[in-house]
Every structure is written in structure tokens, then in C-alpha cells.
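Presented sequentially are two complexes of subunit A, the first with subunit B as partner and the second with subunit C.
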Partner chain A sequence: MELFLMTLTTGIMVGGIYALIALGWVLIYKCSGVLNLAMGELTLIGAYVSLSFYSMGIPFLLALLFSLIIGFILGILTERIFLDRLIGEPILTVIMVTVGLSFFFRGIVELIWGTDTRVFTPPVFPLEPIHIGPLIVGQVYLWSFVAAIILLCIFVVFFQYTRWGLAMQATADDEMAALSLGVSARFVYATAWAIAFMAAGVGGTLLGNINGLNISVGYLGLLVLPAVVLGGLNSVPGAIMGGIIIGVLQNLSGAYLDRYFPGGVKEIAPFVFMAVFLLFKPYGLWGWERIERV
Partner chain B sequence: MAGEEPILKINNIEVKYHEVILVLKGVSIEVPKRSIVALLGANGAGKSTTLKAISGLLKHENGEVTDGSIEFMGERIDRLSAEKIAKMGIVQVIEGRRVFEHLTVEQNLKVGAHLRRDGRSIKEGLEMVYNYFPRLREKRNEIAGFVSGGEQQMTVVGRALMTNPKLILLDEPSMGLAPLLIHEIFNIITRLNREENISILLVEQNAKLALNVAPYAYVMENGRIVMDDTAERLRENPDIKDFYLGLTDVGGRKSFRDVKHYKRRKRWLT
Partner chain C sequence: MSTTFLPCGVYHENYPQDHAWWQTKFVKGKMILLFLLVFVVIPLLADAYWISVCNQIGYTILGALGVQLLIGYCGQVTLGHAAFLAVGAYTSTLLILEFPWPKFLIDWGIAYPISIVIAAVVAGIWSVLFGLPSAKVKGFYLILTTMAAQFITVDFVITQYVSQIGGRGQAFSLPPGTIKIGPWVIDSDQKVYFMMLILVIMCVIGLANLLRSRAGRAWVAIRDNDISAEVMGINIVKYKLLAFFVAGFIGGIAGAFWISNLAAISPEHFPWFWSLWLVGVILIGGVGSIHGAIFGSIFMVVVMELLQLAIMPLADTYPKLLMDFLFIKEAAFGLAICAFLIFEPNGLAYRWWQIKNYFNLWPFSY
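Here is the complex of A and B:
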């Protein structure tokens, strides 16, 4: 029982980070209908940027802030350089471009930072675990979770109440109508990419704090795909719930199934679950079904 | 028409889709300041395309104004992006009640206020819209995809109003609505024109309705303007009576048994 509770809490906390990355994914999909397969690499870049700043001796929060700023700039640049001219082209073309982007980014990361595992030194979060009732939780997990939740809240408020947040939601709903009201679709796309980059960067940084940082963190980013599909590709709450569910699932299967299927069942379980789940709910948990009025 | 410079002047435009399909073949329309002008015509005549050419949404659909010019308050706009045109004060209400389905009614209106930057002006705008459409105030927190058709139409007109427009391009506001609701909405449209000094270019299938609110109208067929006149004279025109108002020459109800109107329609096609 104790093992169960422990894996459950860890799962939820890692899930918070997945949720953050999933949010970036959903955002791009919502606004432009593009499945961004370079998401894993975005997490890598953000993580490495903040690691570099941190290694220079800059306080962690400041390093994180810098990586947010750089993520923002990179997001806008990516959209402007690679994707802007593809507006109006078939979606599949754009998706293939994101595949290309993922290799490109991966190459750049290897070029700049190499392939060795790097860790945040000195460790950002204290190593001794915290006791919450009967549970023992690593501080890394706890603080990562808190950070992820705070950021998620900020994003949700941004979408519901700010001018650009509303404009982004409107564009996702009906691009033509949004255009007729003077919303700039190009700006919306650029912002979506910028936010995706930022969210992924924070997610990557937090993941890097847990296990150290190497190229495989990028694959963890891809692991978010089932989270997104599970929640429904275009639902922000869905992405958050999906992320947490995947986190829990991953940790539970790691704890219980690894004995019977040794070697990496942790990585596959979410995909298996996703496939089975989609058989029953093809729109995901909160995906947009077409609104039919009665 | 008045001697004053018109707010919108379309000068013999030609519109092509995908660079080959010629949809408008020389359309000229003038909308005088503070007036309502109707654009009538059958399905596929090119009315909506004309509106999209003005608002710039055409480019979004791979269409292009290949000849002629569109002037708004003396400035050429046919090369500008939809966003710039919206900024200048032209807003199109797209046909078919295109609300942002997953946002609330009020959020819809707020997106309309996208170009207003300060919060006070947004509040004033909302107040104005709620004054014209009291029903929207009651529904403000409901998801727009689930309110009734009439309320959705009010939402999109209100949303257009939030952009603070000088010219509204209204595409078939009566589509699929109950007669009483249509009446209500058209009343508000006339009021908007009179009280807020907004010029309106109205596209309608329902000619009777349109000629009631618009003092001047154009008739389109096959991508051309085939007729334009004041509403009274159009109402008396035998062709209009026949095709659009459903009355025969004598003024009685039309019997569809002896229609041979395709022969007469031929006269318009050149």
C-alpha cells in the first residue's frame, strides 16, 4: 500500500511537468491544427539553456527566467522562419516540417552541448526528502510540481482573460471570423509557438533536475503525445489531466509491471494505454466534439 | 445619390479564385456615407465574394482582386490585409452566424474589441451592445455554441459592433431565423445605422426585407451587377417583382405553373 501511495504521488508530480509540456503541444494544435512533433526537442533546448545559465553561477530562478525569454524569442523565430510561409499549405506538409525541425534542433543541441549527461550542479533542490504524513517525497518532485502548477495557472488566466489569449482561442475556433475582426493570425501563430517553447523549456528544465539532462529528455518530451491525445488534442484542461494521468500510469507500471516485463515497460505503457483508450473515446477526454445544438 | 463622397467605392473589380476561376466580372458599387445599401441576387451570384473582396478575407481563401479598385474613404484598400482593413473600420459579419463556439457570449464580444486597447472603451462597447441587444446581457456567460440561432446572430452583429466600425458588411443576417426574430434584428440594424451613423452594405436573399430597410439596392447575377436603383423603383420593377418578390406583373400571387422566367432572365445575361 505504501508503495502504491508513493508511486502515485511521484506520478502526479511528474505528471504536472508533463502537463506543462502537453499544454504547449495543445496550444499549437488548437491555433493552427498542426501536430508539433518537434516538441521533445523544444524541451531539450529550454532545459540546456537554463542549465548553461545555471552553470555560469546565475541563480536558478533567474536562469529559468532567461530560458523563458530565449524560448520566447526562439519560438517567434521558428514560426517566422520555418512556418510562416506554410500558412495555408496542407497540414500534413507542416507536420512533416516539424519532424524536420526536430532533427534539426536535435543536431544543434548535440553540436552545442554534446551528448554526455549533464546535471545541475550544485543541485537546485535540497536532496533530503520531505515527509508528508506517511509519504516520503523527493523535494525535486515537490518543487517541480509546484512550479508546473503555478505556470499552468498563469497560462489558464492568460487564455481566459487577456486580449491575446482570447484572440488565440477565437482563432482556434474560427480563423476566418477572427480575421474579420482584425485579429492577426500570424501574430497568433507566433505567440502560440513562443508559449510552446517557453512551456517546454520549463518542463525540460524540471525534468533535467530530476534525472540529469541528456538527449533522451527529448524523448520524454515525445512521451507527452499520449497525454495530449488522451486529454483531447484541443483541450487545455484535457492536456493537464492527461499529463497527470500519464505520469501516474508511467510510475505505476514501472513499480508493478517491471518485474514481469523487464526493460522499459515504463516507457511503453502510456502508449498502450492511449491506444486502448482511444478505441473507446476517439475524441479523448475533453476533446472538442462538434457542438450540436438541440 | 447624394453629392457627398461615398464611404465605399468599388470600381469595376474582377475577382479570381486560385488564379483561374473568374467569379466577379466587373462589379461597381457605391455606398454613400451613413446609408444602407442592399445587394440582392440568387445563390452563387457573387454577393458574398464581393463582401470578402472588400473586407480582405478573400486572400484567405486563395482569391484575389485582379482588376479594378476598392476605395474606402478615399483610400485604396484592395491590396491591404484583412487585419489592416479591419483597423480602418470595416467589419464583415460572415454568413452563417460564425460565433466562436467554445467561448462565452461575452468573450465573443471581447474578441470583437480586440482592436480597442483600453479597458474603459471595452466596457463602453459592451454596454452599447447590451443596450441594443438586451437578450445578450442575460446570456453573457453562456457558451456561444449553445445559445439559440437568433442569439448567435445577435452575438455576431454585436461582436462586429465592438470593433467600432464605420462600415458593416452584413451577409444574410436573416438566414434560418424565424420571421419575428428577423424583424427584431432588422429593426436593430436600422437603429444602428441611424443612431451610430454606421454605413451598412447588406447582402440578402430576402429581397422584400432588404428593400424595406435599404433605400438603394444593387442586383447581382453571375458575377455582374445587372441592375441598381432606389428601393421604391426596384419594388415596381417587373423583373424584380417576378424573381425576387414572388409577384406577377399584375401584382397578384404568382402561380408557378406558368413560369417561364428563364426566358426573361436571359435578357440580363450578356
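Here is the complex of A and C:
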């Protein structure tokens, strides 16, 4: 029981980070219809940038802020250079451009930062675990979770109350109507990419704090795909729930199934679960069911 | 892509003419020249390095054909094709290494060809297994299940379980002389080259013929609009699964062929990168045409080799470059995909089609 509770809490906390990255993903999809397969690489870039700043001796929060700014710039550049020309192209084309981008980014990241594992030195979060009742939770997890939740709240407030956020919601809902009301769709797309870059960057930084940073963090970033599919592609609450479910599922399967299937159960469990889940609910939990007509 | 225009003055008077592969004398001559080129001229002139590049191209073509069938003809986007190559390669290797073949089969050199066929069938069935969700899900959701195929097959089943069979550790090495077809032991790049040619030609002919049969037309109908296809009486689930089977089958052949070129196979030969690479190849070559798979493979492999040749001389002065080449290659590949999709979304096959039509219609291009 104790093991169960502990894996559950760890899962929820890691899931919070996934939820943050997944939110960025869903945002792009909702606003511009782009299915972004480069999310893992966006995670990597943000994480490496903040790590570089941090190892220069800049305080962690400031380093994170810098990486947010760089993520913002990179997001807008990416959108302007690559994605902007592809509005209205077939879905496969757009997906494959993001695949191309993921290769490109990964190559660049490996060129600049190499493939060795790097850690945040000195550790950002204290190493001693915290005891909450019977549970022992690593501080890294706890603070990451808190950070992820705070950022999620900021994003939600941004969408509900600010002018830009409302413009993005309008575009996601009905592009034509938004355009006729004077919302600049191009601006919204660029902002969506910028926010996705920033969300992924924070997520990657937090993930990098947990286990050190190398290329496989990009794989963790890829885990948002099962998360968003689980929640339904165009649902923000779905992304958050999906992220948490994936985190829990991953940790539970790591704790319980590893005995029976030694090896990488933890890595593939989300994908297996997702594939089976899709057989029963083809549009995820809260995705819009598309009614197709000839 | 529509059909090519016939040159001025060529008319079809009956159906056999209309259905013929090589419709004019000129095409026949051109194809014979092509065969001469690949069977005689290249083996005679090319040195070992370029022959191995050709083998790489052939392997890419075999892999890309299956992807082309699924994406280009049936509209089922797959991002996990390397899994089926891996299944083919591992099935074939395991059959060769572990199966108690009767002595005469090995002596006659039939063991490896049989293992290729079995590997292809196994890969096809494996592919159908992961194609099952396509009965219900579409678009991006399907892409995710094919990604799951990659991670489940290569990173889990093969790495954790299949690799343990026989206690050889991670890599299965094939002792020299085990890969034998008839009297020929496949031990040099030249022999691999000829085997590759025959397999590629067989697969291309097989696939091209399949595509102009009922099944092929059904696939194209599903790609263009699956609801109308169903209304017209096509059993979509059956034909989608058939597409997955054929794609997996060709993938299995590709994998089983590739072991002849490798001293040892390990899961690292079939990463997710390779699945994406194959999709990139058909995008660059052109979606929805067999030419596309071939042109794309040739283009990508040759460009990457040229990039390597260009970078190698610099490596003497900057030794770090040698290590970084892999990363440069990745980045270049990514940029190439993006550039092609943005500037030439129809791929190389479309240009080829335009050039052919230009000459067929010349001098009256209207």
C-alpha cells in the first residue's frame, strides 16, 4: 500500500510536468491545427538553454526566465520561417515539417551540447526528501510539481482574462469568425508557438532537474503525445488530465509490472495503454468527435 | 499524379496495349538501357564504396516502398515502419541461427531464401496487428498507434526478449558463410548488390501490379475519401489491413535482405529515426508514386554520402567534426525535409513526370 501511494504521488508530480508540456502542444493544435511532433526537441532546447545559463552562475529563476525569453524568440522564429507558409496544406505535410524540425533541432542540440548527461550543479532543489505523513517525496518532485501547477494556473488565467489569450481562444474556436473580428491569426499562431516553446522549456528544465539532462529527456517530452491523445487532441483540461494520467501510469507500471516484464516497461507503458485505449475511445477522453460527411 | 501523356501519333487499339507496362518502343529501349546500367555498367565501373552506397539505396527503396504504399496509396500515415524491418531482420536471423534446418536445405542454399519469405510473412502479420486500430481511428490518432508499434516492437520486445534468445547478448552476429543463396555465398558487396537488385525489381513489379488491381484501386479510393469508398462497396477494414500486411511484407523482405550486409544485427539498427527517415524519403521523392520512393531513396542516400565526402577532408583539421557528422547529418536531413515540403511539396517524382511530359508533347506542349 505504501509503495502504491508513493508511486502514485510521484506519478502525479511528474505528470504535472507532462501536463505543462502537453498544454503547449494542445495550444498549437487548437490555434493552428498543427500536430507538433517536435515537442521532445522543444523540451530539450529549453532545458539545455536554462542549464547553460545556470552553469554560468546565474540564479536558477533568472536562468529560467532567460530560457523563457529565448524560447519565446525561437518559437516566433520557427513559426515565421517554417510553419507560416504551410497554413492550409494537407495534414501530413504539416506533421512532416514538424518531424523535419525535430531532426533539425535535435542535430543542433547535439552539436552544441553533446550527448553526455549533464546535471544542474549545484543542485537547484535540496536533495533531502520530505516526509508528508507516511509518504516520502523527493523535494525535486515536489517543487517541480508546484512550479508546474503555478505555470498551469498562469496559462489558464492568461487564456481566460487577457486580450491575447482571448484572441487565441477565438482563433481556436473559429478562425474565420476571429479574422472577421479583427484578430490577427498570424499573430496568434506565432504566440501559440512561442508559448509552446516556453512551456516545453520549463517542463524540460524541471525534468532535467530530476534525472539529469541528456537526449533522452527529449523522449520524455515525446510522452506528451500519449498524454494529449488520451485527453483528446483539442481539450485543454484533457491535456492536463492526460499528462497526470500518463505520469501515474508510467510510475505504477514501473513499480508493479517491472517484475514480470523486466526492462523498459516504464518507457513503453504509456504507448501501449494509449494504443489499447484508442480502440475503445477513438477520440480520447474529451476530444471532439468529428462527424464526417462526404 | 496522373498518367503520362502519350507521344504524338501513338494510339491504343486494344486493351492489352492499354495495359502494357512499356507502351512504346522508346520506353522499351529506355528500360533495357536502365537494366543494362544497373546490371552491367554499375557493377563493372563502381568501386566497392559506391557499390555499398548502392546497397544502401536499395535497402532504403525496399523500406520506403512499404511506407509509400501505406502513406501514398492508402493514406494511413505510419511512423513506425522500422519496427517491421526489425521484425523481418530478426525473424530471418533467428531462423538461420536457431532453426534445425535439414542438412540438404543448407547445402542447396535454400535456407536463407526460405527464411526471407517467412520473415516477410511474420513482419506482415505483425504489421496487421498494429494496423488493427486503423479500423477505428484515423489521422493523428493512428499516427500515434504506429509510433507505439515502433516503441513496443524495437525498444521493448526485441531489445528485452528476442535479443535474449540463444544467450548471445545484444547483437546477433552471423557467422560468415551462413547467408547463402543456391550455390552463392553472399559475402561481398557485389553479391549483395545483385541480390538487392533482384529483390528491388521483384518488389517494385509486385507492388506496381498490385496497385493496378482491385486492391490498389480500393486503396486509392480509401486514401481519397474513405467514406465514399465504403459507400461504393469497398470493405475498408479489410483493405486497410491488407495494405498494412503488404507494407509489412515488403518491410520484412527489406529487413531480411539487410542482414546479408551486416556482420551483426542489433536493435540499434532500427531506431525510430529510421522510421521517420523512410517517411522523409517518400516525401522528398513524392507521395503517391513508386518513382517517388526510388527517387527519394537515391536522392537522400547520395546527398548524405556527398555531405560526408565534403566534410571528411575538413576532419583532418577539425577532428571533432568527425564525431559531429552524425548530428550534422540529422540536422541536414531535417532541413531537407522542411525545404522540400515548403518549396517542392510534390516531390522529385512530380518533376520527373513534368520532364517526361515535356518531351512527349514536344514541340506542341498544349
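The rule is simple: the second predicted complex is superposed on the first by the 288 of 294 C-alpha atoms of A that agree within 3 Å, B and C clash if a C-alpha of one lies under 4 Å from a C-alpha of the other, contacts with A are read in each partner's own complex, and residues count from 1 in each chain.
Convention: a contact is a pair of C-beta atoms (placed from the backbone, for glycine too) under 8 Å apart; a residue touches a chain by one contact, two chains touch by 3 or more.
Keep in mind it's a predicted model, so treat the numbers as computed, not measured.
In the superposition on chain A, A:57 contacts neither subunit B nor subunit C. When the shared chain is aligned, no partner comes close enough to touch A:134: not subunit B, not subunit C. Once the two complexes are overlaid on the shared chain, A:96 sits against subunit C while remaining clear of subunit B. Taking subunit B and subunit C in turn and counting the residues of subunit A each one touches, the greater count comes from C.
When the two structures are aligned on the shared chain, A:122 is found in touch with neither subunit B nor subunit C.
In the superposition on chain A, the residues of subunit A contacted by subunit B and by subunit C overlap at 293. Of all residues in subunit B, those touching subunit A in their complex are 55, 57, 60, 62, 82-83, 86-87, 91-94, 98-103, 107-108, 110-112, 114-115, 117, 145-146, 148-149, 156, 159-160, 162-163. In the complex of the two chains, the subunit A residues touching subunit B come out as 88, 163, 166-167, 169-170, 172-184, 288, 291, 293. Interface of subunit A with subunit C (complex): residues 35, 37, 82, 85-86, 89, 91-93, 95-97, 99-108, 110-111, 225-226, 229, 233, 261-265, 267-268, 271-272, 274-275, 278-279, 282-284, 292-294.
Within the complex, the subunit C residues that touch subunit A are 71, 77, 79, 130, 132-133, 136-141, 143-145, 147-148, 151-152, 155-156, 159-160, 225, 227-228, 231, 273, 276, 279-280, 283, 287, 324, 326-338, 341-342, 345.
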